[in-house]
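I am attaching a structure below and will ask some questions about it afterwards.
Here the chain labels run A, B and C in written order, and each chain numbers its own residues starting at 1.
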Amino acid sequence: MHVFTDPENQRAYLAAFGWILKLTGASAVAALALGVLLAAMRVSPIPVLRGFGTAWVNIFRNTPLTLIIFFCYFGLYVNLGVSLSADLVRNNFWLGVVGLSAYTAAFVCEAVRSGINTVPAGQAEAARALGLTFSQTLRLVVLPQAGRAVVAPLGSVLIALTKNTTIVGTIGLIEASNEMKQLINDHGDAVITIFLVFGGTFVALLVPTGYFFSWLANRLAVRR
Amino acid sequence: MSDISVLYDHPGPRARARNRILTVCFAVVLAALLWFIYARFNAKDQWAAAHWNPFLKSSVWKQFILPGLFQTLSAALVAMVLSLAFGLIFAVGRLSAHRWVSIPAGAAIEFCRAVPLLLLMFFLFFGMPFLTHKPFPAFWAVVIALTLYNGSVLAEAFRAGIRAVPRGQSEAAYAIGLRKHQLMRYILVPQATRAMLPVIVSQLVVLNKDTALGYIIAFPELLQRGGNELTANYGNVVAAAIVLAAIYIAINGAITIFAGWLDRRLAARGSRSTARAEAAVLDVATGG
Amino acid sequence: MRTKRVVALAAMVALAFSAAACGGNDNKTGGGGGTSAATGVVGKAQKDKKLVIGVKADQPGLGLQTGSQYEGFDIEIAKIIAKGLGVDAANIEWKTTVSANREPFIQQGTVDLVVATYTINDDRKKKVSFAGPYYVAGQDLLVASDSTISGPADLDGKKVCSVTGSTPAKRMQTDHPKAQLQLFDGYAKCVEALSNKAVDAVTTDDIILAGYAAQSQYAGKFKVVGKPFSTEPYGIGLKLDDKSSCNKINDILKAAAADGSYKTAWDSTLGKSGTPAPTLDASKLTNCG
């Protein structure tokens, strides 16, 4: 236990998890917005949009997140010159957010699309009969109902996102996994303690989240 | 709504014209973006032949890429087999009527689902040796971490699949005198497995991608061999990454297509539990 | 049932893969953890006529994996030592190590020796012992050929790149906290970032930097500043209490300096850039205490 009574280590631990939470928060918002947009594209009447959405989903679902974060740094920042902050650490943070959002948006899109599938066709037909356009149908009739079915998968996506934020460590951000590795290397005798603390923190964050989303999904489930 | 085109009317002349305009606009924007990316990369000499030529040499493939790919696929397959066993055992355990079995099984599943893969790998690779005073091979660090994580996902999938089997099956089984474990073994698990097959195959894609994390612990899989060692020889970091991404997309895409084909074949065979199982299972296969 | 057969087939295929992968990959060093007090590495070399040596795979000139071979100055030194211990070069199993796992590999017995630009410092001496040093490098900076950076003091507010877990990275963090430190898992990425001006400097030992600057694809783009601001004695890492092997290795190094094999090792690798071979100072060899 002596490892964590050292205030230096405590600060490092809190900073590391601070990054995890910040990455999760920023990426979740961006991924949700982008994912819904992609889903709308995939069901839209315009073929180019459908193709773009499909291509996005297929590329990002089949590529390891490690490579995507790598491309964010070397592609966006190094080669395209997209600098998101003057400070190196903040820049890496935002590059990580971009990569995580792009990757997670593909999964959000698929979840939303299957949610749209659960809405009975009669709803859309009635909307059309009323003369609503495509975007109105989606916005006013389909997505609100789809949203109720989509809560459970989105909960899983959020949990997966939180775990995936550890991969941003590959571009040098000192988040939880990098910090844990450093602590293990410096304090080899306290390995189990260190692992239980770091793993336990994730469990403490994610298991209640899982239960919350299950409860929410049950509450909102549409009894047909 | 399985027929998406109910969302919009069949386009009339005005709609078609508007669609065409939108198509052209979007295509122009997309082309401009791609051109921008191409030009910027060009300014940094990323398209220079020297970066890409190594990939035309078969020696590069034989010495770096193919061995790395072999390790990636081996780790993924071994992890898949082990996690099937793990998942089945823990799913049945969680469904047990005995609380002393179901609660620990449930706790184990929740723990493995909540801890990030990278943390598990670091603990196994860097941490275990301090305890056992023996080396921990990178291959097994990757495979065991993947097994624990994927096993818990599959456990939940099996649980959903077993729950999705129509209740009449269980009732009939009890009616003819089968006990619970016989019910599981002969009736529920086989039907659940058939329904779970597409999920299992698409989890293979997740496994494939997650083996890439192994490069951080110097497991000589595709990213380590192709991304670190190959580039140290040729200095073509970005070109190598693009080629590696293409390889991943190709392989994972093929597996996904296979999963889709499997899905359609099973649905065609009319397994009644498939449709309900799909809905139940959707929330399991996300974001991995 | 067809399903059962398919599953059984898949299991067999996976197990076959696993056997193949394990066979090539696992390193089941015989015996348990600690060194047998009398013999250690020397004893293992005599008994098995084989050694597992950890080296770098991504440092041109020093330890680079070019396909199935490893090449570089460190590799040549390792071969000299193995020969002195009675092990042929063909019986050496080379293992790629990255900076962060050199100590764990030695402590766990994954490798018998580490010859991988391994700087001797007090922190590490608590976990492993060192024979040598066989070369003294210095931490330096690699910058663009037209850069005005002339030393670490010029790095305040600038971006400097290094590798996680390495001594140069730690030194940057403690001595020059005002510099913005970018960390990667390999120098190739750092050098790529430098060549695209995403970072202003790459820092590590001068000899490693020189190896990268000399690569044909980077010809003329970089320069090593040339003012090393630390001394990095490269040692041979081995298990903490293996004194006899440590002394034996130092003897081998002394012999190599005397009979010219040290010079040959240098000339065939780093010497190709024109720098003359350094002389190995036998008096500085650590006394394995």
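Here is the rule we go by: a residue touches a chain if its C-beta (ideal position, glycine included) is under 8 Å from a C-beta of that chain, and two chains touch if they have at least 3 such contacts.
None of these values were measured; they are calculated from a predicted model.
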Chain contact graph, described as a line, ring, star, complete graph or other shape: complete
Chain whose averaged C-alpha position falls nearest the assembly-wide average: B
Chain pair, most C-beta pairs within the contact cut-off: A-B
Between chain A and chain B, centroid-to-centroid distance (C-alpha), Å: 16
Geometric centre distance via CA averages, chain C-chain B, whole Å: 35
Where chain A touches two or more other chains at once, by residue number: 74, 78-79, 170, 181, 185, 188
Per-residue multi-chain contacts in chain C, two or more chains: 104, 107, 185, 189, 192, 196
Junction residues of chain B, two or more chains touched: 44, 126, 130, 215-216, 237-238
Chain C partner contacts - residues on chain B that touch it in the complex: 44, 50-51, 59-60, 63-64, 70-71, 73-75, 77-78, 80-81, 84, 126, 129-130, 132-140, 143, 190, 193-194, 215-218, 220, 228-229, 231-238
Chain B residues within the chain A interface of the complex: 1-9, 11, 15, 19, 22-23, 26-27, 30, 36-37, 40-41, 44, 46, 110-111, 113-120, 122-123, 126-128, 130-131, 205, 209-210, 212-213, 215-216, 223, 227, 237-238, 241, 244-245, 248-249, 252-253, 256, 279, 282-284, 286-288
Chain C-facing residues of chain A, complex: 74, 77-79, 87-89, 92, 170-172, 178, 181-182, 185, 188
Of chain C, residues touching chain B in the complex: 1, 3, 7, 10-11, 13-15, 17-18, 20-22, 25-27, 29, 32-34, 57-60, 64-68, 96-98, 101, 104-105, 107-110, 185-189, 191-192, 196, 215, 217-218
In the complex with chain B, residue positions of chain A that touch it: 43-49, 52, 58-59, 61-67, 70-71, 74-75, 78-81, 104, 107, 110-111, 114, 116-121, 123-125, 128, 133-134, 137-138, 142, 152-153, 155-157, 159-164, 166-167, 169-170, 176-177, 180-181, 184-185, 188-189, 191-192, 194-195, 198-199, 202-203, 205-207, 210, 217
